[in-house]
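Here the structure is laid out as structure tokens; the discussion comes afterwards.
A, B, C and D label the chains in the order they appear, each numbered from 1.
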Amino acid sequence: MINIQKIKQDFPILSQKIYGKELVYLDNGATTQKPIQVIEKLKSFYSEINSNIHRGVHYLSNKSTEEYENARKTVKEFINAKSTKEIIFTKGTTEAINLVAFSFGETFINEGDEILVSQTEHHSNIVPWQMMCKRKGAKLVVIPAKANGELDLEKYKLLLNSRTKLVAVAHVSNSLGIINSVKEIIDEAHKVGAKVLIDGAQAIQHLKIDVQNLNCDFYTFSGHKIYAETGIGVLFGKEETLNQLSPYQGGGDMIKTVSFEKTEYADLPFKFEAGTANYVGAVSIAEAIKYLNNIGLQEIENHEKELIDYATEKLLEIEGLKIIGTSKHKTSAISFVLEGIHHYDAGLILDKLGIAVRTGTHCAEPTMKHFGITGTIRASFAIYNTKEDIDKLVLGINKVKLMFG
Amino acid sequence: MTIEEVQNQIIEEFEIFEDWMDKYEYIIELGNNLEPYDDKNKTTSNLIQGCQSRVWLNAEMKDGKIIFSADSDAIITKGIIALLIRVVNNRTPEEVMNADFSFIEKIGLRENLSPTRANGLVSMIKNMKAYGLAFYSKEK
Amino acid sequence: MINIQKIKQDFPILSQKIYGKELVYLDNGATTQKPIQVIEKLKSFYSEINSNIHRGVHYLSNKSTEEYENARKTVKEFINAKSTKEIIFTKGTTEAINLVAFSFGETFINEGDEILVSQTEHHSNIVPWQMMCKRKGAKLVVIPAKANGELDLEKYKLLLNSRTKLVAVAHVSNSLGIINSVKEIIDEAHKVGAKVLIDGAQAIQHLKIDVQNLNCDFYTFSGHKIYAETGIGVLFGKEETLNQLSPYQGGGDMIKTVSFEKTEYADLPFKFEAGTANYVGAVSIAEAIKYLNNIGLQEIENHEKELIDYATEKLLEIEGLKIIGTSKHKTSAISFVLEGIHHYDAGLILDKLGIAVRTGTHCAEPTMKHFGITGTIRASFAIYNTKEDIDKLVLGINKVKLMFG
Amino acid sequence: MTIEEVQNQIIEEFEIFEDWMDKYEYIIELGNNLEPYDDKNKTTSNLIQGCQSRVWLNAEMKDGKIIFSADSDAIITKGIIALLIRVVNNRTPEEVMNADFSFIEKIGLRENLSPTRANGLVSMIKNMKAYGLAFYSKEK
């Protein structure tokens, strides 16, 4: 059995007091906290190993390079990619999506082509496509959501056609916590020859990911949401597809040879990693994955399922509280509104009680529009959260209701 | 009273609060009692879009003084708006233009003015001063 | 007076043994090591403050945001920018240059326009411009170098014309250590209305930078070369110019409002910071700058001047050693070749002696071509290096000569 | 001798070296004594571009066996090439195709095969095996 109290002790920040109160951190969708194992790894890496990678023939450089490439292997195994060539380190999900939007756009998109994104995406999975479509004269088409926040797959199928070149959908929507039916979305897209990018920023830390089983063409996530550093993320892409794409950024390390007349690009994965890679960030992802594997992904999923079920039950008992996104397929995040109370007001008071939640649009304005609201209060969970955290949230909400009643 | 005197008055008022609860309850009360805002002034050009709460701000000249009115969809934001208006309402453009709002920090509400643009208050203060400057320039 | 022994103790990695020998780290051009102050800051940030910025209304989020924005202020002051709006955090120099190449390209470059780069640039200041020129039908023009590695300013002036839209030049060339006459380059470019980007990756850690005095339009550098983390860098741009550029990456935090019909971008500097910023990286830059300011920039410059003068003198005493790039205006890096000995062979043997230098083309193939060589051995210095390090290097080179003699 | 036997022989030879100096001096000697490479085979298609040192590799079939020749501009790289050739030269395509080169690690030269692509040796081994596969397929 998973021992949450012990896990909690691995996260130094969780013993912080906020305004003299114990911190109840329920903003894990925005970023997760880091276990001491990851923090200590940063320290030991910078104190014992650090040197630029791929660049020197000296001992430390080789050692750094080895740790970096091992991190790539760890990620490859974690998501079951076929080859380390399919693992590109980026600075985060947002950059990964921008990379695909640009490079796929340059290579494959012509005027009149269509890109599909869903109504419930994070801005990072909307704006890059808008920008690319504008540049290329392509069309951004929206997969509508149903009243409960699930994507309308029937309508989705009708939208697919021979002009559809790429479908970009979140595995788990950040504002609602809903797990989208990505397998079906991918299979349907492939029938018309479209590629699929899955934004896994809110999935990788909660669900076991198998990119071969999903059969997605691209999968993206951020280190900072999976207990690792900020400034690092991953783009998985099928080798064959990545090979076809033109590079995104130019610079050191992504070239074979450079001359003013002709520059040849390096092979995968380096072709997409221009400049000094954030090798320490990559190592921190590997360390975080090791930490999660030690606990066990199934254990984590079970624990987080228990949390969301408990939270849903307890929150629904509160009068005037309405959950936004009532699909049954959810993980680790609940969005809700309080009748007659603005989410900002609620968030401010909860904060004073030491409870960190996120309020607002969650970088998902079109989702808010879909529900006809200006924002929600979102409680999002991670491995170190407990039922007591949820009890405190419930108490906090009741206090909020009292103050604004 | 000068702007400074009003600010000092507010600071004194806030000194009696023993804890944040009392303070915020007072702010909520101020928010609930804020002078109603004329709906016809809820125009896009009067809207300050914060990430979290929205603020509307209107300014008119009357007898050489600026009359501010404002609104927000969040009560706490409204409460702070009430304080800001109390400080600069019905004053000359020059006074408004040069107003400092350091009392906000002194009464322990600085977190509400963080650069996160969350509640739109930082922009609101900027806009108030901009009105001051605009009316001042027009007068010249 | 500067106390190098004391400074050295601030860098834990320097007490490492390599193959049982004391580490002599002379690969600072590739990346610098980190003082304990920076390492501890990472630890305390992740243990006490960490939370996503600009996103929550809660205590930790506000605190993180504050530290991030203070880091921006620290950088602004360090390079004497006019406003924090002019400081964009990127993942490094390479990304910063790619950002400008893309956004400037989209906004200002038309077919037939010209971009000038110098013969002695790092690949990161060549390839992004090649890619952009190709996309836009513009022309990449090369500012030639003289035999001693200095740029030929007479020829440069002749190349400038009304089609020249941008000039991109390194402040200090990474492969030669030569300080280019950037002030003159900038002034001349402005006469024909061209903007100037200065690649400061090898200057920021050695020279006092004043972007207002330089009057450059863009200035870039990397955190990892100035004693801070990997995965973070800075783009300075004049506010007026940045305001005109279209954004580079799209996503969370760089928008005002998003809808499928119309997206409005945020104001500077956020417009260019899509996605979760590497706020911890930014904080590490601020911490490193604080560290440097404590020592004193003038002190650092003096010490490093002494080192390069001493190294030049000692190296020139070695028979068969030829310095590449013999300009008098140099800082902190010396490139050289050994008659009849391949740089790779030399580097391997030096490594076995615990001496870390970089060998090869230093991501500057056109520079090597200019000198008709395939690579050099480069020793590059930082604040913690001493004359003893250089003595050891000289002994090492003599050993190399013996082995291959 | 089988490939394995040659590898074991090399491993034994290297066991006598007391320190890295002796070992590298021997590799340098091997490099200096590497069979001269025919300049006409220094073609672009035979070139393996490492970041640091360049390697040329040529392969020809003779009586059912592959004859390798190779060169590099760096001596240490040449020395290691000499060892690689000693292991797989004059062998059937099938043998070459399936060769493992674990002796490199066992004699403590693994750092020379790092994925940094610095010296081109990793690519050289790949290319040797590719030649094996190519000739093998042709024979079928």
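In this text, contacts are C-beta pairs under 8 Å (C-beta built on N, C-alpha and C of every residue); 3 or more make two chains touch, one makes a residue touch a chain.
Remember, it's a predicted structure, so these values are computed and weren't measured experimentally.
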Interchain centroid distance [CA atoms averaged], chain C/chain D, Å: 38
Distance between the centres, which are taken as Cα means, of chain C and chain A, whole angstrom: 30
Whole-Å separation of chain centres (CA-atom averages), chain A against chain D: 45
Multi-chain contact residues (two or more partners), chain D: 51-52, 118-119
Touching two or more other chains - residues of chain C: 19, 55, 57, 59, 61, 257, 344, 347-348, 359-360
Chain contact topology (line, ring, star, complete or other): other
Contacting chain pairs - touch in the sense defined above: A-B, A-C, A-D, B-C, C-D
Of all residues in chain D, those that touch chain A in their complex: 49, 51-52, 111, 114-119
In the complex with chain C, residue positions of chain A that touch it: 12-13, 16, 18-19, 23, 25, 27, 30-31, 33-34, 38-39, 42-43, 46-52, 55-61, 91-95, 97-98, 101, 106, 122-124, 126-128, 130-131, 135, 140, 142, 222, 224, 229-232, 247, 249-255, 257-260, 263, 274-281, 344, 347-348, 350-351, 355-360, 363, 365-366, 369
For the chain C and chain B complex, residues of the former touching the latter: 53-55, 57, 59, 61-62, 65-66, 69, 256-257
Parts of chain D lying in touch with chain C, wherever the complex brings them together: 20-21, 24-25, 28, 51-54, 73-77, 112, 118-119
Of chain A, residues touching chain B in the complex: 19, 342-345, 347-349, 352, 359-361, 374-375, 403-404
